[in-house]
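All chains are identified by letter, namely A, B, C and D, in their written order; residue positions are counted from 1 within each chain.
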Amino acid sequence: MHSAHIRFKSIEASDPQLSATSASALAEVLALLAAWLVVGLAGLVRPGSLRFAGRTLFPLGALVSVAIAVVAAANLGAAPTRVVLPFGLPDLPMHLRLDPLSGIFLVLLGAASAGISVFAAGYFRSGEGTPPGLLCFQYHVFLASMGLVLLADDAYAFMIAWETMALSSYFLVIAQHRIAEIRRAGYLYLVMAHVGALAILLCFGVLQGGSWQFTFDAMRGAHLPPAWAGAAFLLALAGFGAKGGLVPLHAWLPEAHPAAPSPVSALLSGVMLKMAVYGLLRVAFDLIGGLPWWWGLVPVALGLFSALYGIAFAAAQTDMKRLLAYSSIENLGLLFTGIGLAMVFRGASMPTFAALALVAVLYHAINHAFMKSLLFLGTGAVLHSTGERNLGRLGGLIHRMPWVAWLTLVGALAIAGLPPLNGFVSEWLLLQAFLASHAVPYPFVNMLLPLGLGLVALIAALAGYVMVKFFGVVFLGRAREAALADAHDAGFAERLGLGWLALGCVLLGLLPAAVVPVLAGVAQWLGVGALPRPAAGWWMLVPLDARQASYAAPVIAATLFAAVAATSFVLRLVYRRRVRLAEPWACGGAGLSGRTQDTAEGFGQPIRHLFAPFFAMRRALPSPFDAEPRYEVTIGDRFWNVLYAPLAPLTDRVAGALAALQRGRIATFLLYALVTLCLLLALVLVL
Amino acid sequence: MTLALWLLLGSPVVGAATFAMLGARPRAAELNVAFSLVTFAAAAALSVRVATRGAMSAGGEQFFVDPLNVFLVTLTAFVALTTSLFSRPYMRIETADRRMTPGRLRLYHCMYQLFIATMLLALTTNNLGLMWVAMEAATLSTVLLVALYRTPASLAAGWKYFVLCGVGIAQALFGTVLLYIAAERALGASGASALLWTHLDAVKSQLEPRVLSIAFVFLLVGYGTKVGLVPLHNWLADAHAEGPTPISAVLSGLLLNVAIYAVMRCKVLAEGALHSAWPSAMLMGFGLLTVVVASFSLWRQQDIKRLFAYSSIEHMGVISFAFGMGGPVANFAGLLHMTVHSLTKSAIFFAAGHAAQKSGSQLMDRIRGLVTISPSVGWGLMIGALAILGVPPFGVFASEFLILTTAMRTEPWATPILLISFAVAFAAILQRVQPMVFGETRLRRLPHSPALLPVFTHLLIVLMLGLFIPPFLADWYRAAAQLLGGG
Amino acid sequence: MRPIDWFTQALAVAVALAAAPLFLGWVNQCRAWLQNRRAASLWQPYLGLRKLLHKDPVIAREASPLFRAAPYVVFAAMLAAAAVIPSMGTRLPMGAAADAIVLVGLFATARVFLALAAMDVGTPFGTLGARREMMVGFLAEPALLMVVFVASLISATTALPVISEHLALRPLELSPSLAFTGVAFTMVLLAENARIPIDNPATHLELTMIHEAMVLEYSGRHLALMEFAASLKLLNYACIGFALFLPWGSATGRSGPLALALALPALGAKLALAGAALATIETVSAKLRVFRAPEFLATAFLLAVLGMLVHLLLGD
Amino acid sequence: MIPPLVMQLLDSLAALLLLLSFAMLAQRRIVTLVDLFALQGAVLCAATLLLAWRTGEVNLYLSAALTLSVKVIALPRLLHAMIRRLGVYWDTDPLLNISGTMLVGVPIVVFAFGLAQPISALASTATRSAIGIAIAVILLAFLTMITRRKAMSQVIGFLSMENGLFFGAMCASYGMPMIVELGVALDVLVAMLVLGVFFFQIREQFDSLDLDRLESRREAP
């Protein structure tokens, strides 16, 4: 390993990329990460003070976020730049590197966390649980560690950053640690994160390919036999899949995300899950060499399955944050699918489409960062003003908290994949990529992959269903509880945060033609392939060829707007009729109440019906003779029952068996000693 | 410069004598700190001397200081110092709780210093016979401390400790005798010089292999009992659980290290004589078995100190496995692991001790929600537990990273076993620690403010070692790893 | 883009606006005939709209601004859709702005807003209708997409005008994949436009209705917009069907005004035919229970998938 | 150099040691056990003296003196005192019955002799043939500790193990270096003192020294 250092130094010396400007970019990013740490440490100065943390520190953190996004965005085109810091192991100093791939995710991190931090500035209340200053510390350590994950260029630094990320987020998740199920969620989260990390460590162990140097450069240089490359990829998929909620490694996700305070849920779902995507991209497209193409089918299959699984469960949820968590599983599934698709295309030497799939992945990653953060923050605002997470007890909040409602609507429509918002763009790109999959030169595969089109379409449509349920039940209709009457709208900082993210959704939706070339640049740098870029102007997105497919979001938006404007103008001009208010139609029966509406369970019923095999469902149906009929349904996760539930008893049984070894009287232990002695002596004699 | 050595060995002995004579004076605790401070100063001076001018021997070659043991000496002296700092308020609280009487306090201080003295002697002596004597003395000096509280459980624990370790150490003595025989044959010179490690090391290749192999078995079983290798480990959990917490801390943090050190000295000789790697293989086998058994045993523990005692056993297994693999990287990792383990584990015991005092019980079900009543203890326990579980960015991860990667290279078959054990240990300990640290609480405030400076000093050092190992320390480890050879 | 293309574009939108209620009227007329009823006038839908527009809109007290905005959004979406469907000419300037996927997206937008508006007032029927509409939608949408994808696999593009041009200009041949997808498309069309067997546009029996349940709270100009949007939707679907399965007769390539002049009557003829066919289907088939709707749509989805597989297999 | 008569004498003394260990293995009465231990010490001492006289090693004289003072005089007195104070005279029903223990003892002796072969081959001393006996004594003492219930008898077993060690050291290399011998003897003495303290503490807690009462805390079920 010592030679690794030397070897690396030589690279440093001979590295032509080390131009002054871009090297300073890496330095700036590092300085900004350090600034995050400083902000966090400042929180420890006065742990109890909410004003200090809220009014001063979180906004500062948001500024740093913006700065990071700007710096990273400004240097996306620049060549990779490296720095070796004298940290880490003596023979493996900390290698850091800023390249377009990490750059684009840094932009994501900065842009999304800016909005979240601003929201957080107004969100945290003092009271039970972790004091605000400490929260601020953990929060900014979390951010900084994610930044470091993106910059790390050797296995040790990566593992350090990766686990620090898990650790800090764990403490954030259990901020409300007095609630038992929150503790349980945190426990599950940390254990699975650690196991996943072990898998990643193993993956690196395989990747170094006999060089026994754990810098990423050594891994890039290593030539693995296909079998080992496959093993490394599977380990990476397991490790990063566990972080990204890839079914069946998703068990922690729907527990931990709802448990956390909403800004943290937003960070987890919106940003941290993307670190898993980054990791898999880094391994699959940068570090592994000589990976057979068909390994790409694994993430495609798993991704599509978990996307369908996630969205089906989301439709069946009755807790708004769990619903969003499952929707995250869906989106991450789509991302993994895209990654796999890109791998297959690359293997099939269809570089253009590989690049297209990769662009779709990156785009969707950024989109999801904005949409899901927005939605989680929206639920956070609702949670604050109503203290209620259960969809069955919400409703009609659009009257009480219009700001939150309308801004959340943007996110809901976006994640439902409706034009002209951003969710649609990435789905469009993904579908375009899938459309080419019939051309891969492998039998069966070229039949199977196009079916993915149908699945993706189904998943997108289901996402629409889920979002209608989410928004409709929470914000529309009548209040299902009297207590909701005194719900209040979000404060200024929270509106600002929501607004920032909503703006992101809109802009990303309207200007894909400006974003896609940048992402294509990243894909090209990764050596996946290049997109032909015909001159189409800022308003027209033409990924491949003008005749093949094109999408002009601004035009569509303008058309819609014009149509609305014209219609309303004409109608008001020609038939000016005043609107009268009245009671709604109640079939002539007694008046309606919040109770007479359809419930969340009811709204999810068709999905439960259709995807019954997914659910471990227990239902208690009322009989017609019940004095007070009750209908109860609980949705269980089959994977949990099959894969996770048995683990603890198993371990316990083994522990019990071993406990016998430590039980008994001293004579027994002496006997162990004598037997050990004699056995070893006998062993020696025969040797 | 030998002065430093005499000071190092002398100050604890004098300390012990003083406490024996003075008895329990009001300022005894401060005096205890003072003696430990002197010891640590001497150790520091000694280490500087070795770092600058290499190995040295003194007292007619009876004493010998090389990078390997001087680093352990410094560690021992340092932890001894911090522990004495911790024990001051801890014992105050114990006295306030009527668990400590002046008589017991006197015994405690006296034996504490004596214990430190024996360990330092075991580390610095060049004479394997003396090393044995010192190891035995270390047992004897702690037996009564383990049984200090005179409760049935503590007496049982002390008795168990006495018998098992006594018998074990007896095997080591016979091993030493055999070594002596072989040495006499090789050196020709009869008498005192035949057990001097430096001389043996010089001629180790001529030592008679069969005898050496038998000798090594006896020594391994003997000192291995003190290391706590499965299945010789049954004294360890009870001894840690029943003694006063400072003793648990030094037992776990220091005594185990010294025992490992003894094993390694013998292993070097045996391997040199045998020209074969089976001593390493034996060490690896023991290590792996220990890791697996200990990590699964963690699952069912009820008593906080027993829990972390088993975690100590697990880490001893890891260390033996590392040394078993041998080679520069693995030895480096093993030494690093010894350091971070003793620092982290003693810190954990400090925190756990206060936690137990708060709840008035060592049963983990009784300890709840530490952070709410006293954040520093709670966070100390939490961070310590995470550190000992090998979560980055703490130093334990650094060594485990090196050990795992080396294992992938040299013993691929062992890697999954280690990983599974680590995962189980992680789940088991976190499952216990989380509810103790977080959640609702019924704990009381302490009569005296707890001492958490030692806890966080240790944890900070461990954190630092995870992120950055100072060059001089690294060179030090490298030199020591060179001495251990193998691989 | 030539001026004539812009003219085609304008004409397409204008014709759509004009023809939508007419087409609905025609379908109703055919149905009446087939069911031996005296048919209402062909212009009945216009009269209905006019009547509604002259009424005061009455809105529930619980309604939020979203409730008022929804009709405009839905209508606008349908209008935009009409603008990108090559009903008469394939050289639409808007055609490049939105391909088939975007078109489906526009329909989805309309559906989502309709459902949200239905949930807004918080009446049982509104929510019930919204749920059923979404249930129909999330199955119909992928089916429609698959239909489109088969066509776009055949013509290697997702731009609807290009597809239809390609299909129009290629030598006439019997393609089984298109046959499969044709059937699938028809089923989707029935489901999406609240026709029998999924829904009954004529009924107001609350327990069975879907679309009507959603617009139950609307009145006046809002209801008029909703109705108009519904008829536009029907027309749009019909035109998509023509573009995919009867592309002949519409102006393709760089053809001039003459072709356009011919395309108009062609469209009329197709519409007449389609209306009659639709009426026939509705008359001969019975309405399914709501629970059966998923099976119906799953069949449509399956047919579309089969169509794709057949295409991949035979490469026709 | 050593006349055969002395050799035979030494060997017979060694045999006597072995016999004594077996006797201790069989003995139920603790007082007798102590006497046997003292006797063993005496035999050891005699052997040492004999060897010292023939080889003229000063070390051995000292070692013999140590053995005499510590193992023949001091310890047995101490033990007797304890027995009297604590009133534990019998160690009835051992964990493994006497005959069974004997049967186990035999293969252990065989194993010990086998183990001694290479060592004797190496050792340069006249008495090297007796090393096997030393190992046998050690292992038999081990067995004694395993089979007994009472703490007292375990301690005696422990001490006779030390005897075996000394004997081994003596006949393998005419005794360890002086400093070590002294250290060991010191340790043994201290151990005895510690034990004394222990027994009386245990006495306070339990009404006998029955190890069943000292069962370790059970692992959590």
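Everything below uses one rule, namely that contacts are C-beta pairs under 8 Å (C-beta built on N, C-alpha and C of every residue); 3 or more make two chains touch, one makes a residue touch a chain.
Computed from a predicted model, the values in this text were never measured in an experiment.
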Required minimum of steps from subunit C to subunit D, each step between chains that touch: 2
Inter-chain pair with the most contacting C-beta pairs: A-C
Chain separated most widely from subunit A, comparing mean CA positions: D
Subunit A and subunit C: spacing of chain centres that average the CA atoms, whole Å: 36
CA centroid of subunit B to CA centroid of subunit D, Å: 31
Distance from subunit D to subunit A - Cα centre to Cα centre, in angstrom: 70
Whole-Å gap separating subunit B and subunit C, where each centre is the average of the chain's CA atoms: 79
Residues of subunit C engaged with two or more neighbouring chains: none
Of all residues in subunit A, the ones touching two or more other chains: 656, 659, 662, 666, 670, 673, 681
Where subunit B touches two or more other chains, by residue: 159-160, 163, 167, 210, 214, 234, 297, 300
Touch relationships between chains, expressed as pairs: A-B, A-C, A-D, B-D
Interfacial residue positions of subunit A with respect to subunit D in the complex: 656, 659-660, 662-667, 670-671, 673-674, 678, 681-682, 685
Subunit D residues touching subunit A - in the complex, by the definition given at the top: 95, 111, 114-115, 139, 142-143, 145-149, 154, 211-212, 214-216, 218-221
Of subunit A, residues touching subunit C in the complex: 395-396, 398-399, 409, 413, 416-419, 424, 428, 431-432, 435, 438, 446-447, 450-451, 453-454, 457-458, 460-462, 464-465, 467-469, 471-473, 476-478, 540, 546-552, 555-556, 559-561, 563-564, 567-568, 571, 574-575, 577-587, 592, 594, 596-598, 602-603, 605-606, 609-610
Residues on subunit C engaged by subunit A in the complex (per definition of touch): 53-62, 64, 66, 68, 72-73, 75-77, 79-80, 83, 94, 96-99, 101-102, 105-106, 108-109, 111-112, 115-116, 119-128, 130-131, 134-135, 137-139, 141-142, 145-146, 149, 152-153, 156-159, 162, 206, 216-217, 220-221, 225, 291, 294, 301, 304-305, 308-309, 312-313
Footprint of subunit B on subunit A - complex, ascending: 1, 86-90, 156, 159-160, 162-164, 167, 174, 177-178, 180, 183, 186-187, 190-191, 194-195, 198, 201-202, 205-206, 212, 214, 651-652, 654-656, 658-659, 661-662, 666, 669-670, 672-673, 676-677, 680-681, 684, 687
